[in-house]
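To keep things simple, chains are lettered A, B, C and D as they appear, and every chain counts its residues starting from 1.
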């Protein structure tokens, strides 16, 4: 018999290394001779899209097209340490460092521009769409490209902006655990409707919804991509993935028997991006890499309970585990 | 050694291969066609998916000598220089790429789907890529991208705004 | 302020090379006259061993076989240096690296690994973290298997439970899982004058640089780490795997050395998500307000610490879920066993707890006939809430908004009670 | 590596000659989806590999008045797409569709699936339920053998080193006869059968079971006919009671067969739903 049930899984997640450990990200922004800006940062692109969203942040501050950002994050020889690409910390921590580095460079660009434009001071000068101009008299202007050439001639290149960001966390008391171990906190809620086949123990997800707090979305489409991916991984955690660990040996250590979801196993996910800017985040943004998968398993488990009235206290909920639980429930 | 003749991406090759080589070894190690990835070596993940005689197969599940006289298309054969194939264009446009390791195989499975029908249902698309594992995207945007690619192909053009 | 680029869609900057198949992952890097490496790994979970590499060394095409005695500083680890780069005389888990063969090609390297003679002297292992905590359990490292204990003591839990209308108690378990990123580990190392260059997928190249330099006992500036395209990570590329092996090898033989793991070796090489045993007791008043919560969380970190203290700390801090609870007692432990080692994985200790605390709150709601949305809205964090560690959430706390969005999409807003 | 020689055979004669010459030192390879894994795991180490995937002679689906014959080198994709096999033989199509993934179905063949003799081989239960015969050739001649006799055990079939399976043949369903299939896999693609079941059913106008053949996969060391269960149904109307009696018998059989295995409890429970659904679908298909 097939039985339907609905379940919620809601979670929170504290960003970063935490507990007072110095969580430092560094970044460098460099004006190149062609007017493009190179961002040097030790933040690894693992597929999550950090290269893109951090380029967006840099382009925003420098007010130049995204294509004019050269993002360098591959080689310890030419990038500062920006900490690990983990703990959902890159958007917040390294994003802040990049923003600071670019703001520093922007200030330096404007300072140099007023000299080139032979103005009294940099007051009233702004940088927009790749141009530095006087707001009260826009004809007083110089493009970033022209400025770079001038600086090159004067041997004043490279022009470098630097930024360093350290997250604020407080070590907890050893006896009471009191303190401020992480910041910021990110919230995630999943809701699913499942259909449980009580004869085979198979579980089908027939509807899935996710609301993800992001602070402020830097790139909404890529956040959606993270949500979809987190959902699939959470689904695997809920009902498929099992190493078959016995006496320290993994029975399931290849893709034939360590089952991750296929395209046919992952239903469409309805996604809500919830924006509530975090004042200390770059443009209000928070990291979401981990939060996006946290609520899936509890939502599935609560939905199973709603469907069949049995609490499954162990993941993954494989068909045999579910059938056993149903049988035990009937016995009691 | 075993001599084989095969056509890859429209180009004819005559190769001398070891008996125990697989197609994936020939593509990657002998010909430097590195777009096909090896993710599992047992036909489960689909990262090495290529088209052989118009059908998708896992290049890790074909012995090199079996490809004698066969026509093969790899990811390198899809684009025309820097000119992207509509499927590639759609993958970028929709944001269907994350870590990118499954992407070449996924795109070839997409091609097999669209070669058959440029207006597939989402279910048909999911069926068609069910042999390509992806750990990053949850597949949703890949399905979207293949839908868009179908639309681009139906319109006969490469314009994503179409 | 109006934003031009932030908040808008933007084409992925690495998309073009990836759809063309041109993005270069470590396995795609080829060097002239490079050698290939293959790791010998333990087949036993807990054993002393003796090694004889003579037969393997004499195999034609074998260039070198690295073992513990070839490593200047034979220790690594993200928090504690409790991993040996190659085990000296004892293995603590299946998959522990013991030796690294460098050969002219992969086939010879593989064969040589099979030719290495290894004699295990098995000793009792411990695989259940609860048993591992007992005095009498086999010891995985030195002294106790209990690596870390985190505590929260907030309010007065005994009194608080007495005042509760409902109390729910249950035990929850999660298993170890794998990151299963699509790109198996691969790396190539070569010498650039005095510098050891290592190209491999890593989440934190600067840390790898330090660990490689320490192991090789050379200055950090003489190590350069290059991160090519990375085929997913999810925490599984935090701990170092092959980087030191290939760095040692290239330094020894002077030529580029490459190694690529099979899927199976990938499973053996990197850490897992911690399995946890979570005992929960949660109490609420008649109105559904959570009053007290007690949690005992035991995390199995397997044979090595990796990030375990931080993971179990995160598990402890997040044990309440996104709920205001005035009286909280949490004890979380990280415990060594002879299982595969656990480290960072998406969630980092905050992925297991929800399986417990979210079922607990549903159960509380059910007993009080309060529906899942309402019970969460009653207790959920809002601006100004205080967490179990006494931290004030002073801004950007849209938890209720998230709950409402999901409730509405599922048509649950008006649902009166669950079965 | 012991592999010395590889051949791409273009004709069956060529294959028979090669097999005759190399005998047990040779291994046939068609789709490669099992053989290549076995080679790499060193489970087999032949000196000679003979590729038969290009043999059009044994790649066909042929329909005569009362028989259907499928060439051994027919891929699962071809079977799944065959217009000859749909409708009354839907079970065969469904089992082919349930194999692995598109890439695997494009390569893997019916002959390979049978000869690999995995306990979970997807195509085996439907063919057992069809009471299929296996056609085997060697230089010495041809022979036919019931699939039920051909399958000897896990990974073991009744074939000599110089022989090749060329085709599988079975009787076409007559009026009010049909083949059904059901499978329980742990995910919806790339799933190895945890349980599979196939039912060949013949119903008369009164809904009485004239003939039935039931075969299961993954619940024994090979795909198996369930003759004791069949006996429950023969001559009876397919009422709820009769179906439940059949299921009880099926469970008894499985319980005995799987005794001591950790999967026993699960499989004996879950078979009920899978079997019942397949049976009802087959019964409906008989009537259409």
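Keep this in mind: a residue touches a chain if its C-beta (ideal position, glycine included) is under 8 Å from a C-beta of that chain, and two chains touch if they have at least 3 such contacts.
What you see is a predicted model, and the numbers here were worked out from it, not measured in a lab.
S.K.: From the centre of chain C, which other chain's Cα mean sits the farthest off?
M.R.: Relative to chain C, the chain whose C-alpha centre sits farthest away is D.
S.K.: Across the interfaces A-C and B-C, which one involves more C-beta pairs in contact?
M.R.: A-C
S.K.: In whole angstrom, how far does the Cα centroid of chain A sit from the Cα centroid of chain C?
M.R.: 18
S.K.: Could you put a whole-Å number on the gap between the CA centroids of chain B and chain D?
M.R.: That pair's centroid distance is 30 Å.
S.K.: Mind checking the centre-to-centre distance between chain C and chain D? Centres are C-alpha means, answer in whole Å.
M.R.: The answer is 43 Å.
S.K.: At which residue positions does chain C touch at least two other chains?
M.R.: In chain C, the residues touching two or more other chains are 9, 11-12, 14, 180, 229-232, 234, 263.
S.K.: Please list all residues of chain A that touch 2 or more other chains.
M.R.: Correct list: 46-47, 49, 221-222, 230, 233, 254-256, 260, 262-264.
S.K.: Mark out which residues of chain B touch at least two other chains, giving numbers and ranges.
M.R.: Within chain B, residues 39-42, 44-45, 95, 98-101, 127, 130-136 contact more than one other chain.
S.K.: What are the touching chain pairs in this one?
M.R.: Once each pair is checked, the touching ones are A-B, A-C, A-D, B-C, B-D.
S.K.: Give the list of chain B residues in touch with chain D in this complex.
M.R.: 2, 19-20, 22, 41-44, 46, 49, 55-58, 60-63, 65-66, 68-69, 109, 112, 127-128, 130-133
S.K.: Would you tell me which residues of chain C are touching chain B in their complex?
M.R.: So the residues of chain C touching chain B come out as 9, 11-12, 14-25, 27-28, 30, 179-184, 229-232, 234, 262-263.
S.K.: For chain A, which residues count as touching chain D in their complex?
M.R.: Spelled out, the residues of chain A in touch with chain D are 197, 199-202, 240, 255-257, 259, 261-265, 318-320, 323-324, 327.
S.K.: Okay, in this complex, where on chain A does chain B touch?
M.R.: These residues of chain A touch chain B: 46-49, 221-222, 224-225, 227-233, 254-256, 260, 262-264, 266, 268-269.
S.K.: Which stretch or stretches of chain B touch chain C in the complex?
M.R.: Listed in rising order, the residues of chain B that touch chain C are 28, 32, 34-42, 45, 47, 74-76, 79, 84, 88-89, 91-93, 95, 97-104, 107, 133-136.
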